[in-house]
Amino acid sequence: MSSSNYYDVTTWPVGNASKDVGEVINSIIADIKERQAASDVNDGGKPGAVIYLPPGDYHLRTQVVIDISFLRIEGSGHGFTSSSIRFNVPEDEWPGLHELWPGGSRILVDLPVREGGEEARGAAFYIERTGSPRISSVEFSNFCIDGLHFTADGSGLHPENTYVNGKTGIYVANANDSFRVNGMGFVYLENALTIYHADALSIHDNFIAECGSCIELRGWGQASKVTDNLIGAGFKGHSIYAENHGGLLITANNVFPRGASSVHLSGVTRSSVTNNRLHSFYPGMVVLDANSSENLVATNHFLRDHEPWTPFLGIGNGLDDLTGLLRVSGSHNSLVANHFSEVVDAESIRPEGAAPVIIRLVEGAGNFVSNNHTVALDVRAASSDSCFAAQVDALLTTEASDALAVTAVMVDPASARNTILDSGTDAQVVADRAVNAFRATPTVGS
Amino acid sequence: MSSSNYYDVTTWPVGNASKDVGEVINSIIADIKERQAASDVNDGGKPGAVIYLPPGDYHLRTQVVIDISFLRIEGSGHGFTSSSIRFNVPEDEWPGLHELWPGGSRILVDLPVREGGEEARGAAFYIERTGSPRISSVEFSNFCIDGLHFTADGSGLHPENTYVNGKTGIYVANANDSFRVNGMGFVYLENALTIYHADALSIHDNFIAECGSCIELRGWGQASKVTDNLIGAGFKGHSIYAENHGGLLITANNVFPRGASSVHLSGVTRSSVTNNRLHSFYPGMVVLDANSSENLVATNHFLRDHEPWTPFLGIGNGLDDLTGLLRVSGSHNSLVANHFSEVVDAESIRPEGAAPVIIRLVEGAGNFVSNNHTVALDVRAASSDSCFAAQVDALLTTEASDALAVTAVMVDPASARNTILDSGTDAQVVADRAVNAFRATPTVGS
Amino acid sequence: MSSSNYYDVTTWPVGNASKDVGEVINSIIADIKERQAASDVNDGGKPGAVIYLPPGDYHLRTQVVIDISFLRIEGSGHGFTSSSIRFNVPEDEWPGLHELWPGGSRILVDLPVREGGEEARGAAFYIERTGSPRISSVEFSNFCIDGLHFTADGSGLHPENTYVNGKTGIYVANANDSFRVNGMGFVYLENALTIYHADALSIHDNFIAECGSCIELRGWGQASKVTDNLIGAGFKGHSIYAENHGGLLITANNVFPRGASSVHLSGVTRSSVTNNRLHSFYPGMVVLDANSSENLVATNHFLRDHEPWTPFLGIGNGLDDLTGLLRVSGSHNSLVANHFSEVVDAESIRPEGAAPVIIRLVEGAGNFVSNNHTVALDVRAASSDSCFAAQVDALLTTEASDALAVTAVMVDPASARNTILDSGTDAQVVADRAVNAFRATPTVGS
């Protein structure tokens, strides 16, 4: 490429991309800034640049700091492979493995583990700019950010299973506009994406798995989309989290275990969670709290079943089965046409003997709960040392199971004036009919 | 790149890409045609080419004319930033801004403003080919088309706020097949995309904002998709418009204000508008007219609230609140499981004192309106000089608001034999029960 | 590109990409393996590589065999054009055509036609690796795989209309993880994509048409997505097929005729078919069989009408109109908020005089069928020699049609304890009310 706005990290004269791609990229950014310093007159802009990472291993020992708009960092391979499975293979079998690590255009995050609370310091890519306008159109595309290892956290878990290492893939500290994250792979980071104050952000078609938390949209923001991703956080973290966002569209994602939640919205309004496939090993899959209101949660497929993989047996998110798979503190939400499969071993239910809750309205008013369908099966939990086989087996198991009694909808006294239609039989809905409108799903002969 | 079918505009010997990228691209296209003229024998095809635009500013002073299939024009950055916000910053503050213009791989459309009616002449990229087969697989990917300025239109608006400049990003004049527009940015064009007679078109994952109209699918067409875009037109224009299309799939878009409509379908049949997040400052958000029939409008989130940004206060689309947020002239459509938030200042409603209409069936028969949920709040309109802050504030405001009386569904006498279920209480639905089937959303005690 | 992990097929010293790109790519893969053989120690990985195909015609006479992870094969153009239309143009008109063949970065599959049953031998790209870990992150992006010709099959059809040639685009024989197929074009292959044992596979934004079968997910698998594709198989084949998958998300696809089915799931559980636009010329559009259970089929648009194009008149998939457009053998599925348009010539219905079935529950229990809307019109079938014009005409024809009596839901005796709500009038639903819960769609006055 001859253009001076096209950079290849492997040919840049400063630093060594294999040893510290952070130093290389920071040097490139300095060059971009120097070259475009005087150019922003009349119609002449500051067009930014693209930085290319060919497939290869790039250690990152210096944090990349981005404070210019229109920067695209691009690789040629999202490079995901399961580090979790590998680290849970006995070490004496490693020499027989085809490969040990993720690949593609791969950043190996070799930052020192951060001090407590200083999350931003642990980020491979740190974006911060104050003043006006907001930083715009920074793009990450088609490369891999690998945190390499998790670390012991005192829990007794194998260190590589803790989801803790103080490393973040991409951290955006300030208000930003029209950012894009596409085709990326994230693995073995405590936080994959932490983005404050997003406007018109697009997180699309990424592979974000085996990270403590995957996507956190913090502070506040609007008009963004999280679409068509494969996502799965660790047992302590968020797969998709947003706070104080309006007009957020979360759709067409396939969210797999084991996040503490699949989608957690806090103070989020007028947003959509539609058309996702959601799978969890714990209750509290989709949580709308802190007065999250006027949202649409529709045509999602919820599956809650059991952890089938030996290394994580006994791990949970601490929530009991009265929590609800979909839990709402807020008003005027529409919860429509979702499918819920609750496939659990009745003996594992907590509190013991309880009927698990599917949809729970905790606080608020005026929610519309309509045409949701719950399937609940009592299935003996089984597990396996093989992650993939165990998961597929569990997913496909529907035979020899008995129906399980559930509360399809539970409305707490602090939530009122809701409308609940065709989302459970009369016996399956716990709600004060004097303050909530209710129509039971018809049964034979009713 | 060594292949002779790979072109970089910055290294092409004819013309100067910075000064007139149009001349450069036309010269490249002539070269492609010359080289492949004699090659289409036996299995040897005319494979086309890719033309690469590295990040940079490229003035376009000559219209690009495309009449070959399999041409891909590709950049490395969609480069959106808000020109609208910038132009509404006082000019004496511009020197303090980080940057003034969009960026990335950026085409600066410097065509003369077109004469009245000659829209095609104002297009940066003009595609036309007659004969057989239809022109196929032209692709636009990951660059920015910037119209630079709007112009005074006699309305008294600040010239940069008129959405008028006679410029079009991409104009396709003839029947075409399997075109793709992906990852592009469009800004400050009167029309971003105008495409006639599309078959199997894909408009996916683009950022199309601050344009008069964003997507117009004209003439007729079929089997296309408009998916996963961030879109927002000007107050006079269309965000997504289609006429006489069948089998169109409009899904997973986040459509923000201030388009005169969010989705407007005219004579469109057997198509889907599903799973979009739609936000408007005016009534008439989704319009199905001219006998648009057998369409599915489902699981969309509609938000209609007020313009919060000072420069556009008082602007509207001329429609009153009886128009409906979703307005249908046509038959046999399915309008199911949508969420509507109408959040307006009761004093602003026109006609004064009217109950705003949410879904209005104007003409036709046999529509199925089911399980739609309307929230209506009376909120004092507020505004701000800061576009982003104003919008986020408005989006998140749900406190201290009163319920607002609305007509959830209004069926005009010219529309009959519709079925209206669970989409409003008895009092909220205005429809002749003698000719329309109706079941009210249950209320407490009903 | 200077990186040694970036390869361009046109500059590789072994072989000749135009004459046999298979030989070239296999030689590149051998080079990658040799170079990374000793590198997988400590944190150093085997990052794989990217192989670039510039636009051009590349004959493939040697099958590509892939057994390494993190390989990305990438072009610059999906290159689809309709070979079907071209081959059905009289041969003496070919000299007047602008082009005869697909284009872009185009693989011409010149493998010998396979022997009976040896499907894998006919694959352009064959992926196989046993042992651990599973092969991961192989990516195919933005090029065209063209099977060139179909062949006579003894049916009397024009050889180019048979959809038979023993050629497969991509064949994955073993368990695999995190594969991606994006932006590709597939045309005139008997099988476009055949993938066994997929985990977290993404098939996104491709153009897969005029192939015998488009997507077949075989064996078993989990947590994959088929999203935002344009797809249309041949009359004997599958557009989207999966067996024994769990957690599969099929969404936002525009599936056009003439596949024998649009979506066929066999033994698939806890998966989603949502938000697709589906069009077929035959019954049996979406088939859930072999105890496919706990799936969500929601907000899809189904259109079944007639073949309008002369060369395929009289062709069918052998199923009669009692089959159902959506046919379910399985339990606990949710079939919600779908739109069905059945637009057929009453005289063509088989068995003669029958009422076509829209949703049919054949075996199983506990399915939830709610808020589906059926439109049925009796339209005189018309046809044309022009494929595009015929299809658009047919799609837009809603005038001058009479209502057609249908069975909106038929429940066979082997399926019980289902719940059927608002999906047909009392007269339109054939189900034993003693074993199935039922609420009729209200009618005027009911």
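Which chain is which? They are A, B and C, in the order written, and residues in each are numbered from 1.
Definition applied: contacts are C-beta pairs under 8 Å (C-beta built on N, C-alpha and C of every residue); 3 or more make two chains touch, one makes a residue touch a chain.
According to UniProt, the chain labels map to these proteins: A, B, C = Inulin fructotransferase (DFA-I-forming).
Please read these numbers as outputs of a predicted model, since none were measured by experiment.
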Chain B on chain C, rotation in degrees - Cα superposition, rounded to nearest 5: 120
Classification of the chain A:chain B interface as same or different, half of numbers criterion: different
Intercentroid distance (Cα basis), chain B paired with chain A, Å: 29
Touching two or more other chains - residues of chain B: 1, 205, 228, 252, 275, 299, 337, 371
Of all residues in chain C, those that touch chain B in their complex: 1, 8, 10-11, 54-57, 59, 76-82, 85-86, 89, 93, 96-106, 108, 148, 183, 185, 205, 207, 209, 228, 230, 252, 254, 256, 275-277, 279, 299-301, 303, 337-339, 341, 371, 373, 375, 388, 391-392, 394-396, 398, 422, 441-446
Residues on chain B engaged by chain C in the complex (per definition of touch): 1-3, 5-6, 40, 43-50, 69-70, 72, 74, 129, 131-137, 139, 175, 177-178, 180, 182, 199-200, 202, 204-205, 220-225, 227-228, 244, 246-249, 251-252, 267, 269-272, 274-275, 291, 293-296, 298-299, 331-332, 334, 336-337, 366, 368, 370-371, 417, 419, 421, 433-439
